[in-house]
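Labels A, B, C and D are assigned to the chains in the order they are written; within every chain, residues are numbered from 1.
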Amino acid sequence: MTRAIILGGSRGIGKAISDSLKLIEIDVFAASKNDIDTSNLNSVKKFLETHDQTDILILNTGGPEPKPFLTVTEKDWNKYHNQLFLGFCTILQNIKVNDGGYIFLISSSVIKEPNSKLIISSAYRAAFSEVFKVLSKEYAQNNISCINIAPGPINTDRTQELIKNVKEFEKTLPMKRLGEPEEIGNFVKGIIENNIKYLSGVTINFDGANSNYIF
Amino acid sequence: MTRAIILGGSRGIGKAISDSLKLIEIDVFAASKNDIDTSNLNSVKKFLETHDQTDILILNTGGPEPKPFLTVTEKDWNKYHNQLFLGFCTILQNIKVNDGGYIFLISSSVIKEPNSKLIISSAYRAAFSEVFKVLSKEYAQNNISCINIAPGPINTDRTQELIKNVKEFEKTLPMKRLGEPEEIGNFVKGIIENNIKYLSGVTINFDGANSNYIF
Amino acid sequence: MTRAIILGGSRGIGKAISDSLKLIEIDVFAASKNDIDTSNLNSVKKFLETHDQTDILILNTGGPEPKPFLTVTEKDWNKYHNQLFLGFCTILQNIKVNDGGYIFLISSSVIKEPNSKLIISSAYRAAFSEVFKVLSKEYAQNNISCINIAPGPINTDRTQELIKNVKEFEKTLPMKRLGEPEEIGNFVKGIIENNIKYLSGVTINFDGANSNYIF
Amino acid sequence: MTRAIILGGSRGIGKAISDSLKLIEIDVFAASKNDIDTSNLNSVKKFLETHDQTDILILNTGGPEPKPFLTVTEKDWNKYHNQLFLGFCTILQNIKVNDGGYIFLISSSVIKEPNSKLIISSAYRAAFSEVFKVLSKEYAQNNISCINIAPGPINTDRTQELIKNVKEFEKTLPMKRLGEPEEIGNFVKGIIENNIKYLSGVTINFDGANSNYIF
């Protein structure tokens, strides 16, 4: 039976992916922050002791609170360096993804269009996207597909917190609505259930035509 | 019943998309070059007389023979300007895509990494990708998703013609193989059958981790 | 003596480059629309009869009026296909740029962030940018540098026409002002007078920090 | 008198910039590793005690040895996180760049085309490029230009170390040679001496037409 480990699997996009994959008979371990806290490398290492292989891995974690650059402390930088970058590197250095498997990274549209409010997230998510791109070529040798999904405005608790007036904000979006976490969950499911392997090394904007950049 | 019009639907990637969509009970019109020749605007206009609306539209066409820049004639430029750009513009100016529908553009990885052999294709496919990006924001208002798929080396007749020694070439690829047209066909099917709408305005490399650019 | 041909050299950015290059003793031919009309291939060919070699070439031309996609006619497409793409291709196919020379393309920020108002310009300027990128590798063999400058909002007659209330618009820009044509002219001069050759195959946003995309 | 602080100013590209700026009567402080070691935040803070303002700031530092991903240790990640990212953030949080000034970041072509050998450098230099892009919009308000130069293969001691057979490597490059540090130095000089301010928020490939990506 195919096995999936989903980080940040208890809410938002992670939970939606978990729900979708369960529909196609995948044995899902939806990790919550109690299972693994990627901002804490000891927690990451402990998690890896009992979760050292999988067929499908979903690298997914929340980002920091918005914070202006001048007020970000050394402690903040280091915390989110762990949470958004080093924790994921540690996982990929230590987990075995089985041949023919998948690794999905749930990053953010801020990696392409960085944002002053989300400057920490822009920086470290971009950094990990570079690592993930490089590794996609190595994983390809074992027929493992690496897919970076960069969500724009999605209807999660976090977006509701970040944006003051969601109703007004939605009117400014091309589709006049936020994306639904289920759309990402089902997109991931569609790739896996159809066994699409040649989609790899790619960053996929998932933003309802909101971004302006040509690619 | 959902209706799809697939240009270049009689072979290669177009045929694979056609085959995949038929599996999910879509009423597919797989147009061949006899039905519509996008290098000939009269042919395009004639086609539009009887095909003036659809739920799903797949913009797909072959590219020119490799030709060094200095030998490309004015006639060549104008022919492929029609085939790769103006034909598609004419279609989008005249066809009605029904609300909640999809438009897929099958472009090429050369739009991001242009290629001296395929310089005509690089130019005009990029030009149309710009138009498609702009229009994605307008189509979004009617819940129509615009998805640009940029295939890398795919196992079609054309690739077999373009590349002298395919077996040797495959060894240089990260996945050690060409992509299969069916993977693109099934990817398109996966998006439609799962009703993924928020994926729009995006260009998706489909190249088995072959490209080097970060995004 | 070093010779430069500057298309669109009688006004705006072209004139500013002309003025700057004259300061460093370059023999400038600042072509006006009377000398060469790139929307008319016969005019282009005639120009090339008497201007068949240069040390420095500046490919520069105005763009079309803003026009919504649905109202662009076949005649419009073909006219601007000539003006923004095919005229430049014809020039590069027929002019000799001397070894150690420079070719500058003045394109537009819309090639990276296409714009519904300027959809024609977005498409064809991007198309030519693809050709220019490919050719940069060939010109490099003769130590000819190819530099694509993509201006954002610059203080030209055209910008004054395009934008209703320039004063208000300027307040929305990061630098609270339009760029000056002289800044582009002097930038080009700075590259040439310092004999910077390794800057080639590059697209340089020149937009006062206005674009949002990371690269 | 205009003042410049140049990090990594005692060799390679940093020294070349230093030499170029001295030619135009700029008061250059070319910091060596003895003056400031960006991998050590205490060293950075100490440096900032006596260097707390400048007109021109050049953020420049060497990168790590090539190291395969699986062998990079937590200590390595943290060291280069400091050296390539956090040290620069700390500087920008604490130094005053005078109105009308310049900040140049010397990054690397690996931020756009990441490299398995230089995976650490790809990651953290990209991360800082995100921060730098965001800040360019804020600095613009004080007429300070932020310019990210991304060098490709440049003739420095480091390149000589990284590449086994430089002569053979050069034959594979479009210009058949490495770039010279002086070209970057003089490019920076050309921008400053011509007072080009509207060039900001931009990443400039400086690679002799070597990269393949369209932008």
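As a convention for this text, a contact is a pair of C-beta atoms (placed from the backbone, for glycine too) under 8 Å apart; a residue touches a chain by one contact, two chains touch by 3 or more.
Here the structure is a predicted model, which means the values were calculated and not measured.
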More contacting C-beta pairs: A-D or C-D? The answer is C-D
For the copies chain A and chain C, the interface residues, called same if over half of the numbers are used by both and different if under half, are same
Note: chain C sits from chain A at a C-alpha centroid distance in Å of 40
Between chain C and chain D, the Cα-mean centres are separated in Å by 28
Chain B residues touching 2+ other chains are 111-112, 114, 126, 129-130, 133, 137, 214-215
Touching chain D in the complex, chain C uses residues 112, 129-130, 133, 136-137, 139-141, 143, 145-146, 154, 174-176, 179-180, 183-184, 186-187, 189-191, 193-211, 214-215
Per the touch rule, the chain D residues reaching chain A in their complex are 41, 69-70, 72, 74, 77-78, 81, 85-86, 89-90, 92-93, 111, 114-116, 119, 122-124, 126-131, 133-135, 137-138, 215
Counting only contacts in the complex, chain B reaches chain D at residues 111-114, 126, 212-214
